[in-house]
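Following this line, the structures themselves.
Next, two complexes with subunit A in common: one pairs it with subunit B, the other with subunit C.
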Partner chain A sequence: MAAKAYMTDKSDQLVVVVHGTSSTEALSKKELIDIYMGRFKNFPNGSTATPIDYFKGSNQRKAFYQLLVGKSERKIDAYWSRLLFSGRATRPNKATSVAEIQQELQQNPSAIAYINAANVTEEMKIVYQFD
Partner chain B sequence: MFISSTKTTASLLCALLSLSLGFSKAASAEYSFNGFANLGVTYSDSEQLAYRSSLLNNGREDLSLIPDTLVGLQSNYRFNDKFDAVGQIILQDRDNTSLTNFVELAFVRFQANRNWAFKIGRFSTNSYLFTDYRYVGHLLNRVRPPLEMYSAAGSLGNMDGLHASYTMDVDWGAIKFSGAYGQSSFNDTLNGGEVTVDYTELSSLNIEFQSTEWRFHMAYLTAVMDNFDSPDLDGIRNLDQLVPAIFVPFALELKNNLIPDGKRITYVSVGGQYSFDSFDLIAEYSDYEGEWALAASAKSGYVSLAYPIKRFTPFITAAFYDRQMQPEIIDYANAQAVLPDFAFQQLVAISAGANEAIRGGSIDQNSISVGIKWDFSDAWAVKAQVDHFDIGEFGSGFFSVQEGLLTPAEKLSYNVFSLNFTTTF
Partner chain C sequence: MKLSVRISLVIFLLSLAISTVFASFNYYYQLKAATQQYQELTTQLATSAVNTAGIAAYLIDTELAQEVVDGLTANDLIASASITISSEELTISAGESKASRQKIEAVIRNPFIEDDIIGLLEVLPNVEFIELQASSASLENAYLLMGLSFIIAVAVGLYVRMKLTYPLKALADAVSLIDTDKPEAITPINTGYKHNDEIMALSQKTNSLISALKIQFLSERELREATEELQKRFRLLFEQATAGIGLLDSQGKISIANPAFQSLFGSDVEGLNFANLFESPKLVKKQISLLSASSGVSQVNIDLVLLNGTEKRYLHCLFSSIQDTRLNTRAESEQLVEVIVYDVTDRKKQEAKARYEADHDSLTGLLNRRSGAQKLNELLLKQHNEKQLFALMMIDLDKFKPINDTHGHDTGDLVLQNISRQVQELSHKYESVIARWGGDEFVVGLAFKDAEFLPIFTEELIEKISTEIEVNSELSVQVGASVGVIVLRAEQEASLDMLISKADDLMYETKKQKAKRYTIVDF
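So, the complex of A and B:
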């Protein structure tokens, strides 16, 4: 599945969001990679980052990592297993639905997630958009 | 000794606590329980040697399900944004079944800020590229990391102490600087008795360069050995007082080579992994310096190339382990030159047992391995691998010698065939 083919119109566009009150206003692609590839556990401004993943096999998850680092979901799973079993980091929290992501972002000021543009609510703040 | 025992006990308790919390709270967001397993069958074709995947394991002959089979269990517990704990145990065919040989990780971590993190407890020395996940077969193309570098990693693959790391943000990825101080211990079994030695004043420095497509790693480890204990050690310690005067210099030489207390060891390693969708190239090199005849200085390394084709990944690896010291407990050529013939023959007889121990632990070999990995599902993979070892004279120390036989004196070739199923959960 081509990541950009997944985003057939603007409502499908993947955006990265944080809690509305987060002190993070914007992230570069490099800074987003640092968080979702486990290199850093904090945002650039030092506040804690809690990344959230869609469930395994979801189109959003596949598209996200293809757009982010050009890797398949299987390679990403292997990468995170390496970090887990070496004791370096734990995997991002898993969400099984848009509702779960929205709930997590409402309740957790440190949460960061990727979501379709159509599902962004006014409690969220967009910090990165994929073309 | 009391302090090192306390640290070890604390580490083991931390591991057990973390694991028990993981079992009881597996579904909670703050707790996670995970694991990995390898189910392997190996066939080795030597009539003299028995195959083992680690110096800490038992040797197994012919066809066996044991050498590459293991289960790893891990629990992670996140106290809050700053503190978390990790415990990991590895269940494998260890020669010595001391609990410490099964606890791989047991630490508490403090994430001070974006860049600095600190750990206390038992953690990986990170001595080589794959040291900290060498048991997780599912993450490797090969059945196991090359023996030439990783068989001995079990002896110093982890340590108990304090660890600090600083991760620096750079345009192409990140650079991680790490330092640690503490101790480790080697626990094995020889001739039915326990062999132990402590690695004290253990210091490690690591630098890791990480990018999306590649990583490069450098490490430096140094330690002082102490508290060596083995069967018949009292006889060795007092040997120079028990032998006639003509043999005293050689008894002292034997004692100096066999007892490592107070001697320093040093590891230096470099390694890199470069991954594209079309191929995966890995190369590592290590230089080990040690004055202990049972773990003599050596240089080792390997190059490995894998080429993923959809869910299949064929690979090939060439590796070497070159000892830098001849496997002799004393300089027999010098002894023969200075002793009368009858005395020299007596010396050879007196030192035969110790000399056989040195030869049994001496390593000198090259290998080439070919194989293929099939990721037949997202959670499972199967691998087939053939290893061909060319072993030098008295150089079979990676493997056990079959019961009743002496260490092979001649050069020999040795083949191991492996089929391995791996998973993570």
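So, the complex of A and C:
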């Protein structure tokens, strides 16, 4: 139902974007999960991936994880808390605002982030769309 | 073994057996349940670890995986655990891995993609530990059950002892105290038991039996005493009886004899044949044989003479046939003979004396006129039968009356006695009868063969009569005799009266002729 709502209003729909120069053109959902949940630190083609997350409590973050793995924000935080002492996986960096994400995406060619479709600029490349 | 101990022991053994069986069943059931429970626990542990294992496998985080398996094996229930990460073909394990059928396997899924299986969690339960735990828990249960059984057995045993065996024992003791030798001292038993139940009923029934027995005891004793008294009297009757009483068996042997019987026949007569005690056993046996059931004769009596040394005993014997009623069957019943013996010797003697006195002259001891006539008749009959001569002599004393008048009757009596003795001494040698016929008259009957004998005898007779008799030292007297003799030949017959009359006539004729002293004439 939620997905349906996003489809009607394209501007509110979350999309996953990378730096415009990135060699990665598209990602599967599984590849996206592996990057965001800390399994892999690279894109499938081998280039480093730096996932960027929203600050805790933001609507985009809640919506993103719900769409990506079907889990609440709290559960995702608990997942990372569990891995706090392991050090094998590292959680994505947290941005405090959309502007900060945009800036990061411009500055860091390995960056990957999720934003509202309305906020996509020309320097960004959409690699995944939620349907 | 005492009843109370036995009951307690049986209850204990029964409850021990039952509790052992139940404890065994319980043990195995508990063991199974505990094993299952521990396995469920193990499964739950594995299940709770599978999420973290999933994360570790997902991230290929071997440290985390190691942490998970270490955490699992730290539990006593788990022997070993391992996480296999499929994509890396990597296995992280902890604990001692053993081949076991009870291996618990849980698939490790991608934490974010449900369909994606990324590994396997294997957990081996610590079977020995689980069994040990389950077994100790079950054993504890079993011991508890058996202990409980023991306590219940002891409690039931004590209760039974208190409520059943004690009252029963009290009753048994009271009954065993009864002295059956002293029935009059028996009193109803009282154990003080108050509950109205079977024991009370038993006690009451025992009392009624006791009182019934007591009555029977006493009445039987009374009867026995009465019988003994009666027996004593019978015995007295038997032993003190003046008549001899004996019992003869079917062979005629003496089986019982009373003292009177023994005094007649001897003290050791029992076992001897009664008939053989007498001189003519055949006669006695014949009399006894008359007593048979078929003849219908139940009593016979016989007078017997017993020669006891030189003494003659006259016995009156009464034989009665009796049946031994103590023997039931007819075949066994024996023909017994009771013999009652009266000693009639004294009576016989008295009778003989009376008869003698009746027959004889008291002064001279000769036959008197009445019995003399009877004896003469007998002799006369005998003479006739034996073809002998017979002489009847009539003797009359001469010069007797003057002696009687002059010297008194005593002297006369003495003379008569003397003459009688002389005549008796003479005629005693022959077949004769002498009787005193009157005051100084005598009759002699004589049977003989030779005719020449008669005058010799007559003369000797007169000679004897005429012998001087010394009355005392100063007086001697002498009498004479006139004798008439009538002789009857063998073929002749005559009555005694006629002969007496003829002899009397002859005697008077002789007396008239002073010179002649006797006359003998043939009839």
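One rule holds in what follows: the second predicted complex is superposed on the first by the 123 of 131 C-alpha atoms of A that agree within 3 Å, B and C clash if a C-alpha of one lies under 4 Å from a C-alpha of the other, contacts with A are read in each partner's own complex, and residues count from 1 in each chain.
Throughout what follows, a contact is a pair of C-beta atoms (placed from the backbone, for glycine too) under 8 Å apart; a residue touches a chain by one contact, two chains touch by 3 or more.
All figures in this text were calculated on a predicted structure; none of them were measured in a lab.
Peer 1: Just to be sure I read the superposition right, which of the two partners does A:125 touch: subunit B = first, subunit C = second, or both, or neither?
Peer 2: neither
Peer 1: Given the touch rule stated above, what does A:110 touch, subunit B (first), subunit C (second), both, or neither?
Peer 2: The answer is first: A:110 touches subunit B but not subunit C.
Peer 1: Should A:37 be classified as contacting the first partner (subunit B), the second (subunit C), both, or neither?
Peer 2: In the superposition, A:37 touches subunit B and subunit C alike.
Peer 1: Which partner does A:82 reach: the first (subunit B), the second (subunit C), both, or neither?
Peer 2: both
Peer 1: Residue by residue on subunit A, keep only those touching subunit B in one complex and subunit C in the other, then list them.
Peer 2: Comparing the two interfaces on subunit A, one with subunit B and one with subunit C, the shared residues are 30, 33, 37, 39, 69, 71, 82, 86, 88.
Peer 1: Which stretch or stretches of subunit C touch subunit A in the complex?
Peer 2: Residues 52, 55, 58-61, 63-64, 111-113, 116.
Peer 1: Mind pulling up the subunit B residues that touch subunit A in the complex?
Peer 2: Its residues touching subunit A are 29, 32, 34, 36, 72, 74, 76, 78, 81, 84, 86, 88, 105, 107, 111, 113-114, 123-124, 132-133, 136, 138-139, 167, 169, 171, 173-174, 210, 212, 375, 378, 424.
Peer 1: Help me check something: in the complex, which residues belonging to subunit A touch subunit B?
Peer 2: Contacts found on subunit A: 30, 33-34, 37, 39-44, 46, 48, 56, 69-71, 74, 77-78, 81-82, 84-88, 90, 93, 110.
Peer 1: Spell out the part of subunit A that touches subunit C in their complex, as residue ranges.
Peer 2: So the residues of subunit A touching subunit C come out as 30, 33, 37-39, 68-69, 71, 79, 82-83, 86, 88-89.
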